[in-house]
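Presented below are the structures under discussion, each in the form of structure tokens.
Both of the next two complexes hold subunit A, though its partner changes from subunit B to subunit C.
This part shows the complex of A and B:
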């Protein structure tokens, strides 16, 4: 019961936060010199009447505050509005969200499944040769800019012909059997996943290693060892449980990056995800689409943090007593 | 010592990479490699043959193999609609054009207007009589008749549904043409007065009445969403060589052949040859090049350095390169001749600068100081042609009597002297009132080509003692300056025109046009005084549109080009040359500067049938 109350309080807190975020984003976009009609204005075949009609359709003839109110009103009702091309924003997002989710879920799953054990492994074998090798590898992973790495892999794909050059499906996807379809998608996913995996694995592994090392150095671990517990029990039963707290917070952030974390890689690999859609929307100042994506980002971040906090409450009795 | 060894190894590796990326053949100058468009032997023009009561159009190109797919690409976000009447961007237009044929089309070789969906046409005074083909069908089996044509023009275009630019372009002195059905296979268009560009406008798509009528009845707002990108392609009823089967957002658009198309080959078999046409949607130029190199696309337009790189490899590769001649795009430098004031009573252009910019000698002096040849070689990698007229070099209306010339600083100095400009002791150019000649030159930041031109223009003009402040600014801000705040001195911009119809440039050249940037009149300045040459161009454009015979029209448009050539409101710099590469396995490819490589997509076939 108490926990439900806590969640309710947290949700109430997000409302003013969302209002502030939306206000700031809306005004920044509208006050920037980007004119959504610039292209049309320079097109000799577009008449003055057409320009006038477009201005009215996009609501650009009204003061910013009225535009914001209009947007906010329909947003509260759950209507994300239409893009500057007249398509439903929600339909546009629906097209892309599954693709982005596919990519990020695969990446997050892989990084956690390998990152956490590798971190533990490195911490347990602290200062050994194996730890050093892992340190070198993860340092490379952290140092390499994702954009550059993606371009390198893309060139690799072109030169060897082993991988498709970007995209998510082949052009004859429609005629494939189910197994072929799965293979086709996997084949396309390998390179972008490799990029994102390398980058985020490094951070995660370092984090896990650091946490565990901190804990292993503490008095109660020394005590546990001293009283003769097996090394396995010391590490996996006592130390790990305490080392995992910061990881849960991290997981909350990972949740936030589910929909927005891969934009750059998506762009390089021409991956049909949200990132590319939103980049293009920003460039053309497509206000409803940009606002929708910013709000999604904000909501996901808040939600991610909330989930992390709840998980913490469940795993850590100390926090339970303080927070609730 | 050890460290130096490592560094050497790394350097050696780097060197190896550099060597591998620079093929020996690259030293061959690209401009000689692309000396002239290759000679293309076009097949005779297609003719109408009647078989079992159906008026087919028979292609005269060599018969080929059926089957296979052609993969092309489109850069950007992909299509925004599949309704050919709603398209506002080139990608959507190109993608829907593949599905809908027009009554007439442009002969890619000569630029003449030739019948397509129409069997033939006659022009009698202001009447354009279209004879339709008998027995040809929409993709759902219903016949294509005069009702469809009348419906398209009367109920969609004239009534202002969708993108109204088609309607705007046929309005003559505020009046619309009329269209009526004479019988099931004859349609008569009547223009309120002679209007030469009208015939070419009939190349627009024709809609199937039985599919579009319900949408039109639901009003304009509904029509905007009709056949949007979310529509089920199964419902598309088309007349073109291909029809869409699949659209995957941000990835591709797939078309399959229309099995009942009305064009047949010399063996009387129905075209198109290709089973599929696929457009991949790619985000940017670099990705497109990678996809071509990776073999995922079959056709690509190349620019600058990439063109040179591919040319060097052409001999060992499975693609052939084509020079499609000068582009319809023009790169120019505009000079602001505005002498009006804004709402606050301030001049848009500083009054001392106005005296320079409105001085023809000054503008000509600037023109003679530019080294176009140098810009073509250094900025466009030789893949461009110096330009001196507003009509693009492949335009059928190009005034060929206007001769190109080179840089001539002496002439520039002479012209400046005539207007009282002089260089002071330090070589600085000063006008006769003692003001230092200094102005701003704008272009849109991020466009590397225009930025490079700006730098060279600045250098060229500084040889005359002018001080040029070159300022690349953000595109939107630049547009705002050009069309609203009007506070700019000179600008480097580009425009695309039509090689067939100069009337399309009326928004630029008419003195109250929306893009008449060199002397832009905002709403409140509508009635302000015209410069004599502006008034003359207004008159010439009016006459040019009214005249019907090509020779008569050419006279008017020749004069307008001559005026621009002399008065230099815009100083034209160059026109890029279009280079394209296409896999060699595709046959029946007849490259043309007017139609590109795929103007005859129904005739193109893959040698291996794949």
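This part shows the complex of A and C:
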């Protein structure tokens, strides 16, 4: 019950955050010299009346505060307006968000499965040659610009022909059986996942290593050792549990950096995700689409942090006692 | 503290190599006008996508000769439907050293493309040097802008505490809640067209700073909280110093040396951001060069497969960022109190 109360409180806290985010993004976009109706005005088939209606809908003839209120009202109602091609923004987002989520969830899963053991390994072999090699390897992983790595992998894919280039599905996707579909998507995911995995693995491995080193230095671990427990038991039964807790906080941040990092990777691989959508929207100065995807990006990020926080109170009893 | 960091950097093998690499890169950028065979704006439209010039020191008779090179002839290969280049062996062009203020250049009529040329027939090697000036300094400049903002913001928030602190930190958190790359491309895309290249460069610096200040302000706030109740602050208060004076003269100096070091650790991320932005065509614009916008051409399959020399800026970004990271690792080790033993 107390946990539920805390979670509820935590959710309430995100509301002012969202309002500030929306204010920031709204003012950035509206105060820019970009005319939101430029595209429509250039289109000769659009009549004066339509333009007038669109001006009224966005409240462009009114002060900016009123415009914001109008926009916020329709956003809460789920009406995100239309793109410059006349499609519904919400439909477009609905199509892209699952793809980006798929990509990020797969990457997060893989980085955790490899990053945490590698971090443990490095901490256990602290200051040894193996630890040093891992540090250098992760430095290399962090230093490759994501888009450049993506381009290199594209060359590889084109030259060997082992991987499909671009997109998430093949052209004959709809005629495939279920198993074939899964294989097709996996096949398309391998390269983008490889890029994001390489880049985010480093941070995770280092964090894990640092946490475990911190914990191994603490008194209760020394006590466990003094008691004569085997090193295996000391590390995996006592130290590890506490070392993993801060990692959960990192989960939220990782999600954030993945959303950002994914944009460039999606762009290079022509992956139909949110990052590429916002990029295309920005390049076409499609205001409605930019606003909506910016907000959705922020919502996803805040949700990621929220989930991490909730996981943390479930795993770490100390926080429960402090916060509630 | 700085001395300790210096000693560690010299002692650590990787950090030492990284320092030397960065030293060489920055020296090369400083003397770009001298080292580059061509000026920044040089272009020869008849020589687009020419592969790197080969330099010969042994002539066709097997005798040692002054270094020379051949020009390339571009031909249309009707079978594969693409343009190929082959060296024109009818005329040699000897290299000239230290003439007209360039380290290496070539006789009249010859073209020396050490790393090939791009679509406009510009020398990739020269542009790498001039572009590096932008790519390798933009991070430091962004930090210079962000430094006072974050310091003051975090300082005020942490020192005043209470409601002010809550509101200020909520705002900073909100800025951090927008995926940074999304914010980056949106800010870059609303920059008005038709700016001079210097204006554009400055605005990109400011945008990079706008993205980064919030996280920095939070770190500063945390440090201010830990020192604000110490005796020297109370002493300043009791002699009637104003709040702004206490923050800027007494509290913030306590944090600066740590902060300066911590900030340099974030330089590589700005280099990466700028290159990503320019890669998309939203950062530094043609005809100016930056490593990111030079890679823009690598977006086309034909380019990356038939003209691999266009990828060189990517390797340079990689080497520069890796060097910064290796130095950063060593600095972090020194700062970490656990590693003092």
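Brief remarks on what is shown
Here is the rule we use: the second predicted complex is superposed on the first by the 277 of 324 C-alpha atoms of A that agree within 3 Å, B and C clash if a C-alpha of one lies under 4 Å from a C-alpha of the other, contacts with A are read in each partner's own complex, and residues count from 1 in each chain.
Please note the rule applied: contacts are C-beta pairs under 8 Å (C-beta built on N, C-alpha and C of every residue); 3 or more make two chains touch, one makes a residue touch a chain.
A quick note: this is a predicted structure, and the numbers were derived from the prediction, not measured.
Touch criterion met: A:282 reaches subunit C, while subunit B stays clear of it.
By the touch criterion defined above, A:252 reaches neither subunit B nor subunit C.
With both structures placed on the common chain, the touch criterion links A:192 to neither subunit B nor subunit C. With both structures placed on the common chain, the touch criterion links A:158 to subunit B and to subunit C. When both complexes are overlaid on chain A, the residue A:119 reaches neither subunit B nor subunit C.
By the touch criterion defined above, A:267 lies against subunit B and subunit C together after alignment on the C-alpha atoms of chain A. Counting contacts as defined above, subunit A residues 33-34, 154-155, 158, 165, 267 meet subunit B in one complex and subunit C in the other.
Here subunit A touches subunit C in the complex through residues 16-17, 20-21, 24-25, 28-29, 32-34, 135-136, 139-140, 142-148, 151-152, 154-155, 158-159, 165, 213-214, 217, 256, 259-261, 263-264, 267-268, 275, 278-279, 282-283, 285, 290, 293-294, 297-298, 301-302, going by the rule given at the top.
Of all residues in subunit A, only 33-35, 38, 40-42, 44-51, 85-88, 91-92, 95-96, 154-155, 157-158, 161, 164-169, 171, 173-174, 267, 270, 272-273, 276-277, 280 touch subunit B in the complex they form. Residues of subunit C touching subunit A in their complex: 14, 170-171, 173-183, 185-187, 189-190, 192, 268, 272, 275-276, 279-282, 295, 298-299, 301, 304-305, 311, 314, 317-319, 321-322, 325-326, 329, 338.
The residues of subunit B lying in touch with subunit A in their complex are 69, 71, 76-77, 80-81, 88, 163-165, 168-169, 224-225, 228-230, 245-246, 248-252, 254, 278, 280, 282-283, 287, 290-291, 293-296, 474-477, 479-480, 482-483, 493, 495, 497, 504-508, 514-515.
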